[in-house]
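Shared between the two complexes below is chain A, which has chain B as its partner in the first and chain C in the second.
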Partner chain A sequence: MADTTIPQIPLAQSQMRRVICELISNKVTLVGLIIIGAMLLLALLTPWIAPHSPYVQNAFNANQAPGGTHLWGTDHFGRDVLSRVIWGTRVSLLVGIGAPLLAGIAGTFVGTFAGYYGGWFDRIVMRLVDLLMSFPTLLLGVMIAAALGPGFSNVIAALSIALFPRFIRLARASTLTLCNEPYVEAAIAAGRSSSRVITKHIIPNLIGPIIVMATLWIATAIRLEASLSFLGLGTQPPSPSWGNIIRDGMNNILGTPYPIIFAGLAITVSVLAFNMVGDALRDALDPETQV
Partner chain B sequence: MFKYLLRRCLEAIPTVLLVLTVVFFAMRILPGDPAIAALGDFAGPEQIERFREQMGLNVPLWQQYVSFIVNTVQGDFGRSMANNVPISALLMRNLPYTLQLTVAATAIAILIGIPTGILSAVKRNKSIDYVARVFALLGFSVPDFYLGSLLLIAFGLGLGLFPIMGGGGPDIGSTLHHLFLPALTLGLIQAAFITRLTRSAVLEMLRRDYVRTARSKGLAERIVLYKHVMRNALIPVVTGLGIYILTTLSGSITIELVFSRPGIGQLMIGGISSRDYTMVQATLVIFSLFVVVVNLVVDLLYALIDPRIRNSN
Partner chain C sequence: MRTSSQLAIKLAGLASMLAMTSTVLAQETLRFGMAARDVSSLDPALTTGNVDEFIVRQMFNTLVAPPMGTLDINLDEIEGELAKSWEISKDSQTWTFQLRQGVHWHGGYGEVTAEDVKFTFDRLRDPEVGSPYINSFEIIDEVEIVDDYTVTFHLKQPSAYFHATSLLPRFGPYIVPKAAVEELGEDFRTNPIGSGPFEFVGYDPGERVQTRAFDDYFRDRPAIDEVHFLLVPETSARTLAFFGNELDIIEGARSPGWLQDMERQKPDSIFDTLQPGSIQNVFLNMTIEPLDDRRVRQAIAHGLNKEVWQQAYGILAGPLWGPAPEDFYGGLAEEDVPEELRYDFDPERARALLAEAGHPDGFTIEAFISEREDYQSNMLMIQDQLSQIGININLRVVDHTSYHNDINEGRNTIIPYSTSQPPIVVPILEAFYHSDSIITKPTRNRNFSRYGDISGNIDEALNEAIAETDPERQLEKFRDIQLEIMRELPVVPIQTLAMFWVRQPWVELGFVPQAGLGHYQLEKAHLNR
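Presenting the complex of A and B:
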């Protein structure tokens, strides 16, 4: 998803129930949720579901078209494309959920701190946040990954840093609003320490919007991970990820196009599923913007 | 007005300095010795020492920083660690390809996105609206490099209508021929975003009171649409221009790789794989400057279009 604004309201219990009902009652969203559920299952049960090893090479079996024992065909090393794509699900989900999660946790701390204490720390942080947010997320992700160098953990780091400023801004804005709430003022007046006010009164109340925002960024994170792997910055071969299967496929495009076609399909379908659910979630939380 | 322009341009200077500083330190705090990275693990100590001297890596960090800033401002990015060619020459040779791609793709995106978005909003809940919405949702979900490879497989390899690699040139026909598929790929993806933005902006305006008034006083629907709805609805669409250009620029990195096109992204990715530290640093600077300049130009354009902004502060 592109830049989205999240309503700055804590999720009340009844609202949560309404949102869930709204999500399940919509057919399109339900399809999205089912696809996401299937992906989670694939990622958890990979070794038992994948029909072949993703690594075993067989030169006599190279560049096969789909059909027979290899449902999605084989690549130029004779490796089973279906099994490689199934193994790639793990990487995509791990990065897709991990990066927004890390960015959310780190962003909440920095944003809350900046918003609560203000002063020079707040000014410096916000200056950097403004600067980073003037970059498109993809460009920022690629640039950070370029500076960090290739590797799986570097990709998670690069994407977390690229998403980080958005969470800082949300957490900071929520903190500023919450600081004016009577119960926070009362806690301060009653002599509660700052750390107690932050952990007991502020963070629990801003965590709802943060979680929603993290969910909305999963689709983008999956797409970014695929882009970085495609550029050769992500998961390194022979470990399969959807992006590097396409990268491999581009080098063998005259041999067989099927690895590209199927791995790309996997990315598209999963990003589509997260986008469908994300759109519905945003609409359900913010009925004003429904069009 | 002139004062506003001048102030905004001056304000961009600290931003540029901040960007250069971030790039410089990001490249230095990272693990790994660039000399060993460039020469390989088996290089002897004298070899490494000579290389460090050549590249100016043996002086204190603050001196490296000052000379980096001074050289960069003068347009000197040093020499490539991989093949000792001046980097500014490589950048100048590759920059036009990236600019061509960015401009062409943005133009395609606007030409497809705005009419589709308007049509989709005006024919809300009709079949054409559903098609447009599916197109938009797909555009958000298909990775640009995947769409690019599919187009390459279908129209380049399959039908043989377009070249599958290179940037073309020097004549304009060859340039356009090479540019078409990459620009179409990025343009279609970006068009999805513009379609969605235009659709919701037009729908928003259609609900306004003054549109109801215009209709109720008996104006023709066409006039209501063009004079009342479109003029206001297109403001957020037009002001998104900076975002379209920058998003397309980020997409150009992967697309250059798909179509084996020369360009800044290609230089950056090549630099990473050959561990060419100065090259990566130079391309990071170029991308960052691009972002700062596009944002500045868009800000200035806002001020030209909307007097409220330039008078507000």
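Presenting the complex of A and C:
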């Protein structure tokens, strides 16, 4: 039997081009994209861009105001704040992108299977999802991070688990809708195997909303990582992350607020950028907002 | 008629309110910002932290105390509080104290008598009471009431410094009223009755402890009418309240740079530092490779630059040349320590020692540290400096309680430890270096390095030094013991870190704080607003 007769509606190349054009044409979104691009560059080229080591202390040069060789000043151990914030970018982006990505991949598969097959598997999964979603994400993240113990990889795991149920719910809801689409019914009627229907016809069509959701959750994941590190459950000292830079600076907030100001600024700008791009992506991909 | 009488009542009410307000305004209230979430006990036998101790100091008295603001513990310098005079037998095994007459308890519980003194020390030695300071009073064999105002301590063995280990105002030996403790039972923890300059008024859990001047205090009544101890654990909140003049004195944050920032931000602040404060050491677990090699321990000592601590903590940092600081009876001063046992900062020598021990490229070791500011700061400074001689510490941060639980189980490798001790070398040597104190033994105390079973032993020498009756020879023996420890190096002394408080320019303490046991008295304080 020929397998080219049934049309597929994934993100076609023309649609991709339209989305990109739409993103670039909006100035606000463009600014967001530029910021994200700059952050990605910083994260990739950290060792070459950071002017100093983020770890080396110098008690004789502690709590310096911005200027001279330390453009953003130094912290209470005399470490260069700019270098620590740049190294923190790497951590924040890894967690910010890594956690929603892992949660998105796992959640899409589980949600799709639950929606497609239904039955007891769907019921169990959805009750678990209800249970997990009854907790605020930060609280869930704190509980899981506390159970796993502090550390960078554990934060990614904790946040992935905390975000996981949201992707399951979205994937399941989209699958239920897609199952009633004529092309999916046609594929099933044509005798396509379940795995083929899921991978060729369902997942490609729900990937748009999943990407939008993942983009929006990147901002939240960056914020959550900062919160967990601030609470001491995230990145462990002396490794810098924006959250623990703020935590370290708390005692000297009045005399030497620079670490807190610059790390706080980094969090604000990055969260804003991902939210702007996420919103624009949602508008571009959501057919209902198309006029 | 009715209207005019109502008006008269209202006016009378208003007048009385104004009178009350003016009385309130006339009162002198000192607002003290403490760095704690809550107090755990105001019963002196059961205090757990420095905040409890500070408040207790204002409400209770001991038999004797060093002169205000000092840590002078020589017998000819200490002053009587509840004791008027004292006599010590020739063999230093019997200590007799004459009490002052006419000293009153707060709350109408009568006069302080020898019975209260006996009750206090019997209670401290009773395991059922559960005082964490029970070890300090083990030396007492019996407390005898000679008459209403005379009490005799019979010791199990001679001790020329019994007053320093067991009677000074710190961790336990405040005299409590028998009648009140028996009447209040458990409630005594939060309804303390003492004989001190301030009497307890109220306690709001997590908020404040309120005290007021005790009119019948046996010395001069304090000039300040009320002292409110406000519990403000967040350093930034405490600092802001101080900047806004909402607090008159605050407990300082012992974190690098905080004091220097305060000096810059509020130059008229007065800093009161009490040396030696905490003794800060790094113990090395000698059961773990490669810390079992003395050359590696020497390399660690040579790799740490004490000047960094001096720079980071400024006037709070004091020198520490061995197990006990020089201000302590029997402690080590710089001139007591031969040059090779000072382990001056010398990274080249450190690297050479590591190479000699078979680690030319250094090594990596796992360790964990408490999240508490002073512990974590010290460990990060150690980690940074040791990385420069090739020793990488893979660090994990844990909460403070877990840290203590885990080091007491012998799980850590490099163990920063901060301790506050009576100003005498004996309890330090017994707790941290005696082989019975090794943390894996049933008789354990805080010997984290396992010194005594591994790499040397001072048990015999310590017993001899304690039994020595000639003070000069005794001091020499204490010094020799500490030098022996420094030779084997189960510990790298870092610094003493002073307790400190910041006060507004209008607060006068009435004395100059120089040294102390983690608190000072407010009985002579007054406000010049």
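The rule we apply is simple: the second predicted complex is superposed on the first by the 258 of 291 C-alpha atoms of A that agree within 3 Å, B and C clash if a C-alpha of one lies under 4 Å from a C-alpha of the other, contacts with A are read in each partner's own complex, and residues count from 1 in each chain.
We adopt the following convention: a contact is a pair of C-beta atoms (placed from the backbone, for glycine too) under 8 Å apart; a residue touches a chain by one contact, two chains touch by 3 or more.
Fair warning: this is a prediction, and the values are worked out from it, not measured in the lab.
Visitor: Between chain B and chain C, whom does A:177 touch in the aligned arrangement: first, second, both, or neither?
Guide: In the superposed model, A:177 contacts neither chain B nor chain C.
Visitor: With both complexes superposed on chain A, which partner does A:150 reach: first (chain B), second (chain C), both or neither?
Guide: both
Visitor: Per the contact definition in the header, classify A:46: touching chain B only (first), chain C only (second), both, or neither.
Guide: Neither chain B nor chain C is touched by A:46.
Visitor: For A:76, select first, second, both or neither according to whether it touches chain B, chain C, the two together, or no partner.
Guide: Only chain C is touched by A:76; chain B is not.
Visitor: On chain A, which partner touches more residues: chain B or chain C?
Guide: Counting residues of chain A touched by each partner, the higher count goes to B.
Visitor: Per the contact definition in the header, classify A:238: touching chain B only (first), chain C only (second), both, or neither.
Guide: second
Visitor: Scan A:15 for contacts with chain B and chain C and give back first, second, both or neither.
Guide: In the superposed model, A:15 contacts neither chain B nor chain C.
Visitor: Now for A:59: first (chain B), second (chain C), both, or neither, which partner does it touch?
Guide: Touch partner of A:59: chain C, not chain B.
Visitor: Considering only the touch criterion stated at the top, classify A:253 as touching first (chain B), second (chain C), both, or neither.
Guide: Touch status of A:253: both partners.
Visitor: Of all the chain A residues, which ones make contact with chain B and with chain C?
Guide: The answer is residues 150, 232, 250, 253-254 of chain A.
Visitor: State the interface residues of chain B toward chain A in the complex, per the touch definition above.
Guide: Touch list, chain B to chain A: 15, 18-19, 22-23, 26-27, 30, 32, 137-138, 140-146, 149-150, 152-153, 157, 193, 199-200, 203-204, 243, 246-247, 249-251, 253-254, 257-258, 268-269, 271-273, 280, 283-284, 287-288, 291-292, 295.
Visitor: In the complex formed with chain A, which residues of chain C make contact?
Guide: 235-236, 239-240, 243, 253, 255-258, 260-262, 264-265, 307-309, 311-312, 371, 373, 376-377, 380-381, 383-385, 387, 395-397
Visitor: Which residues of chain A touch chain C in the complex?
Guide: 55-57, 59-60, 62-63, 76-77, 150-151, 232, 236-238, 250-256
Visitor: Which chain A residues qualify as touching chain B in the complex?
Guide: 1-2, 127, 131, 134-136, 138-139, 142-144, 146-150, 219, 223, 226-227, 230-233, 246, 249-250, 253-254, 257, 260-261, 264, 267-268, 271-272, 275-276, 279, 289, 291
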